[in-house]
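For clarity, chains are labelled A, B, C, D and E in written order, and residue numbers in each chain start from 1.
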Amino acid sequence: MTPLQTLPDWAATAPAIVLALTGLLLLLIDTIDPDTSNNSLLAGTATLGSLAAGGIAAWFLLAGTGMEETGGAISLYGDALVVDGMSLFFTLIFTSVAAMVSVASYDYLSDQRYQGEFYSLVMFAATGMTLMAMSNSLATVFVSLELASLPSYALVAFLKKDRGSIEAGLKYFLIGAVSSAVFAFGISLVFAVTGSLVLPDVAAGLSDADQLVGVLGLGVLMIAGGFAFKTASVPFHFWAPEAYEGAPAPVSAFLSSASKAAGFAVAFRVFTVAFPLDIVASLGGGGVDWSILFAILAVVTMTLGNFAAATQENVKRMLAYSSIGHAGYALIGLAAITVDGGVANGDVLGASMAHLLVYGFMNTGAFLFIAMVEKWGIGRTFEDYNGLATKVPIAATAMTIFMFSLAGLPPFGGFVSKYALFYSAIESGFWWLAAVGAVNSALSLFYYSRVVKAMWIEEPSKPLEIGSQPVGLYVAVIFAAVGTVLLLPGFQPVIETAQTVAAALF
Amino acid sequence: MIIEALIAVTFLAALVTFVLPDRYAGKAAFALSLVPVLGSLLMWQQYDASGNALLGGNIAFETDVVWLQLGQYDLHWMVGVDGISLPLVVLTTILTTLAILSSWTPISERESQFYGLMLLMEANLLGVFTALDFFVWFVFWEAVLVPMYFLIGVWGGPRRKYAAIKFFVYTNIASLVMFIGFISLVFGLGDSISSLRLPEIAQALQAGQLSGFAGLSASALASVAFIAMFLGFAVKVPVVPFHTWLPDAHVEAPTPASVMLAGVLLKMGTYALLRFNFTMLPETARSFALPIALVAVASVIYGALLALAQQDLKRIVAYSSVSSMGYVILGLIAYTTYGVGGATFQMVAHGLISGLMFMAVGVIYNTTHTRMVTDMSGMADKMPVTAGIFVAGAFGYMGLPLMAGFAAEFFIFKGAFESTVMAAMPLFTGAAMFGIVIVAGYLLFAMQRTLFGPFEFDGDYEITEAPFHDVAPLAVLLLLTIVLGVQPDIFFTMIQEAVNPILELGGAF
Amino acid sequence: MTTTLQATTLPDTISGLLGLEGVLGDVVGGLIGAFIIANIMLITTAIAGPWAKRKITAAFGDRIAVNRIGPFGLLVIIPDAVRLMSKELIVPEGVDRPAWDLAPMIIPFSALLGFAVIPMGSGIQLADPETGLAFAFAAASIASLGLVMSGYASNNKFSLIGALRAVAANIAYEIPLVITAASVVIFAGSLRMSEIVAVQAEPLLTVAGVSIPTWFAFVNPFAFALFIIANLAEIGRNPFDIPEAPTEIVAGYQTEYSSIYFVLIYLGEFIHIFLGGAIAATLFLGGPAGPVLPGFIWFTIKIWAFFLFTQWARSAVPRLRVDQFLEIGWKGMLVLSFANLVLTAIIVGVIA
Amino acid sequence: MSDWIAIGAMGVVAVGLPLVMMAMSAMLRPSVPEQGKSATYESGEVPTGTARVQFNIQYYMVALLFVVFDIETVLIFPWTVIYRSALEQGASLGTILTPMLVFIGVLVVGLVWAWRNGAVKWVKSPQANRRKTERQDA
Amino acid sequence: MVPGQYYLVLSAAVFCIGLFGLLTRRNALLFLMSVELMLNAANINLVAFSYYWGNVTGQTFGLFTMALAAAEVAVGIGIILVLYRNFDGVDVTEATTMRW
């Protein structure tokens, strides 16, 4: 690991820096000539920037930056940020999603104004997510969470002539604002009890929190609420269908994949580092056993998401609900942590992370396909998708791959990641969680296959007019599809990395 | 590495075909599918294994690398063939090629997609028959469903949506049940295994490593797992009473898909029964001999009776498949060399013959656009070659000596009579033999009504002899049937070699 | 480090005189001190508003203004006060009542509150919190709220436009103002008003035996200029008096006010001018420091100098157009103030 | 603590004085209600419609810009306060100055972007433009 | 007992007022104000306990919270503006083109 050790410590945040600089660069490009927008230049810059950031993250990950073999996590700025395997792993998710979204937006935005702003907002949101994954203090958690959220609000409401987009943006913003207020209040309560915001110090301060265990519990609950919002889990999930349905589809893709993953990244770190289960559960007054909370949330979230998805007629909305369901699966990672879990804790957390990576590909791809459909102006319901495969077989194949992978059918990445997740849950002794998850997966096949059925089997109810063949969207969708497929044979390095880096948290 | 190469080449061929323009797709797919045929023949030629792959035998073309290390059980990429799987691999490649050839006429829309899916299915089928790790096997097992779902759903008949969904839902639920059964077995084995490789699991089970799980004793667990897996596979086979998806799927499916469905997909079920239930849990299998034999005989008789009642040629052939699969089950439960070996041989034989029958029905349908027995008669006048092959195939089905069907059924009956799993076996065998009579009944009935007699046809289509590329696959299949009938040892020797270790388990002799 | 230099605050002195201690002493001392300071400002304003303004404007126009009552007409203040207070209060139709009534209170409130932290010399400083400077700016900014309330509540289109302009002006120049002040804080290293003043007491250089103190106006004249300009805009005087702009929009936000309400708004604006002068004096002119005379006198001289400056500007400089006004704020002042801040930081860093 | 008590006292006085003046005025002033008086003054014209009209979007833009920039000053102030003493205590110029330069640099990029995109450009209404051209034509 | 409890009660009260406001008001701007109240409740806690624990962590974070609250308002106002243009009002319950 020679080259890395010669770099200064702050260089470990290079992915975030690159993303932020890309965002600024986009603003500058837009500044030079605000009246015209060179779409390919903007999209290209954004894509290259996120790819560069992703490349750096991958390089660091391979080189073992911040992992045990090179001397452990790199802590920066008074422990406010920490670069370790987990943060790099999540950075990889964010950047790959951001790259796909950037490429896809090239076509989606071709007749929109304010393109430079769009891309730079995406980049800034990605920066915020990257920082979220690195946050080691409740302060940076909150700040980076807002940095990720604020551009997202604007992105959702980006189509300012479209009532759906505005409504989505409004609802997303309102609930986001409330939840961030709740989150901040939770942080303040935790600070009141422990006197620190840095996660390990919070854990250290918990020991004498017996007196105020009620306040602490409330604080933890509120912090969990903040994460529930970011990850679109029950009880702060109800913005998700609106926001995802109304938002421009690339933004939906971005939010439902990257933003969700970011929420999980920070939730994983906060709950495992700041509120270690063995300490908080043994506090007086019954303690604060958050794993039970998350177990309940996980079950409710996945069940609710799946059942609601099954009743939808609008494909985008169905995907929105399904994304709630997937939040439930990923929550297993926190729910299945036990006091004396040892290795199993890291395994299940890692499996959850790996699932999020796979999810990043398949879900982004699915939403980008919808972006393509929106671009064609075909319609939004299942009926409108009828017979699409006759016109655009390749895109339809990609969508089929996404749908089956999301449902967890075998030949795709989603299957193996769900398997890893449920298996790890069983290994931790939470077989009932795995069982609920498996049943939900089976149920989800129903509504996912409706899309497939509509595209391939149904006759078009009206003549389909496919205008253009958007190159950027095609590239992004096919990239996502290939990624989804290749993650089946290539799952070993992913899960291995994820579980290694997750184990470092305990 | 030849197996990986085979699967990869087939996948690639599927991809290439998928993006080709419709005009070239059929011919390209046919040409491309010859590569796996040659590959599988090469494997057959270089085959050097002995014994059963699961029971410590020497595995041919074996690859075993760690794929996924996850918790206690590693997942391996383990493939290889033994005497049971190689014939099925060869069957798959040959039948796919012929099915592709036979689709040139009936498939006229979205051709590149159709042929792409056919090749994709072939690749997955090869995976199913060669995988020796449960996980890999399961991946391929499920993956087969997807192309089949589309083949039925897109290119099928009027009720294709219903049929496709029914097929998909039935088989998927079955897979889930089977999966649960198998996984509970794995958990029952606890620490005695470190991976999901089938040989390892089978050998651990033979070594009596099974312990209780989830409040069940070891034997109870074995029974539960056996039942779950049996139910799961039984849907795929299918046996009565889980057969209801089959006629729907067959009737609605386009001819080539029917060929693949009857010829290969059904064999997945029996193959899995042999590999999992009867190899891994022989004791349990024996203890369930009575119900299994009952089910087998019920399938034989009931399937045949249903076939007798049909007016639709395709439905007749479809129900006859249920009947034929009953023989396979009977042979498996017999637990004798000839029984199990004959069952395996029947898988191949039935694959060829049912493929032949479906193709023949398809050729007739291509010309007449109807499959109803009542709609036509005297077709032999107009289509002598097709009719001839049809008749020959039907006789093969009925068990005419010197044809593969005869050999297979002969082996099964011989094995079943010899069986010692229970006293009443000869009785069941006798009952099953009665099925042959019914088969002869409905096939002769159907042929007599459609092929012979004065020519009559209600449609406004001109009836002429089918084109060469339609008849050629029929001829090839007929030829293969005869070859296997005359010289069953081509496969039967290696099958026996692979089967015998199973029979030695638990002191069958 | 400078606690020794810090004079005791006015309430402490008063409570000391009264012999009160603890919270009671703080409260009583604070109230009395506040009353004294408020009255000082009222008197100052009373002189400035009805009298000085007229005289100065007249002088610029070569006219004679009030000269009938008292010396130089100085006693005109009293009849003016009575006249204004006893006028009928006309409430126009459709006003938004609570807001309309509250606005005249908020404007003087904001300005008076700002004086709570200003060191006026001779121990006249009501409070000296650590965050004094920030507080002064914060208190001064409350006035915008009053302006927008008055403008919006009046149900008059001119008022509304005036209020919007007032807010736009305030916010456009608030940032340059604060950023420029920040560059002073870099020198002073504290937000405490007394410390800022104390730092300026140190000698900068000695010319012919006269020691020139480190008033930041000398140290950083660029910042001083920026600050004064921004300050002019903040308090809405020429050339930045677009919120009132009598020739365009009658009298802006105060169009509909009469009687005592008008007095209060007018009063508030004048106190605001003096507050601006006081902040400028504290930050850049050494606060109450000066040779020979006592601090309070120097302080009074400085804020009056600023007042005179505004009156000069009123007569001498034409009013900007609203678009020019905002462009100067956002494109000129803001950039310059950031440049000033960065340069100051670099220079201080390099020197230190 | 006493500082804030004093400031509170100032607040009380600053509210009290206007109230006292209002009370005095209320005792002195007459009230002669008359319809003409209560009309709002619009340079002698009869007022039409409400005054709560939609106004130039530019005011919002400027306000939004302000919210962002003003808050940045909150973050700049702590830095200015400690800047000098930190330098005196031996912190290197790079660690104490660079972050703020980056911060201000980001702000400036934002400002320049807003500038170029017309956030601070006073948009003339179409009516005003028309009048201007008419005047030129005449 | 912990003197900080008074602050906790105060901040909880402010928080609840904010919560009440946002549950009962349908005007988007009032909603924003309510959220501001909730954030300020957090600030009360942070500053009070920063004093109690004798470190400046809480105060510093309070500054950040304020900055973020302002940024949130900036974005929120922008969204409310376009809401007004598209739905002719700032009633948050008006916008219902999508069903819940």
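A few remarks follow.
FYI, a residue touches a chain if its C-beta (ideal position, glycine included) is under 8 Å from a C-beta of that chain, and two chains touch if they have at least 3 such contacts.
Worth saying up front: this structure is predicted, and the values here are computed from it rather than measured.
Looking at chain A and chain D, the chains that touch each of them are E. Chain centres defined as mean CA positions place A nearest to the mean of all protein CA atoms. For chain C, the chain with the farthest CA centroid is B.
Of the two interfaces, A-B and C-D, the higher number of touching C-beta pairs belongs to C-D. Chain centres here are Cα means. That of chain C falls 32 Å from that of chain E. A straight line joining the Cα centres of chain C and chain D is 15 Å long.
Rounded to a whole number, the gap between the C-alpha centres of chain A and chain E is 25 angstrom. Centroids built from CA atoms put chain D at 81 Å from chain B. Counting partner chains per residue, chain E shows two or more touched chains at residues 60, 64, 71, 78. Pairwise, the chains that make contact are A-B, A-D, A-E, C-D, D-E.
Across the complex, chain D is touched by residues 60, 63-64, 66-67, 70-71, 73-74, 77-78, 81 of chain E.
Listing the residues of chain C that touch chain D in their complex gives 9-12, 23, 26-27, 29-31, 33-35, 37-38, 42, 82, 85-94, 104-105, 108-109, 112-113, 115-117, 126-129, 134-135, 152, 154-161, 164, 167-168, 171-172, 174-175, 178-179, 182-183, 185-187, 189-191, 250, 255-256, 259-261, 263-264, 322-323, 326-327, 330-331, 334-335, 338, 341-342, 345-346, 348-350, 352.
The residues of chain A lying in touch with chain B in their complex are 344, 347, 351, 389-390, 393-394, 397, 400, 404, 409-411, 415-416, 419-420, 423-424, 427, 438, 442, 445, 449, 453, 456-458, 488-489, 491-492, 495-496.
Contacts from chain D toward chain A in the complex involve residues 106, 109-110, 112-113, 115-118.
On the chain E side of its complex with chain A, the touching residues are 2, 4, 7-8, 11, 15, 18, 22, 28, 31-32, 35, 38-39, 41-46, 48-50, 52-53, 55, 57-58, 60-61, 64-65, 68, 71-72, 75-76, 78-80, 82-83, 85-87, 92, 95-98, 100.
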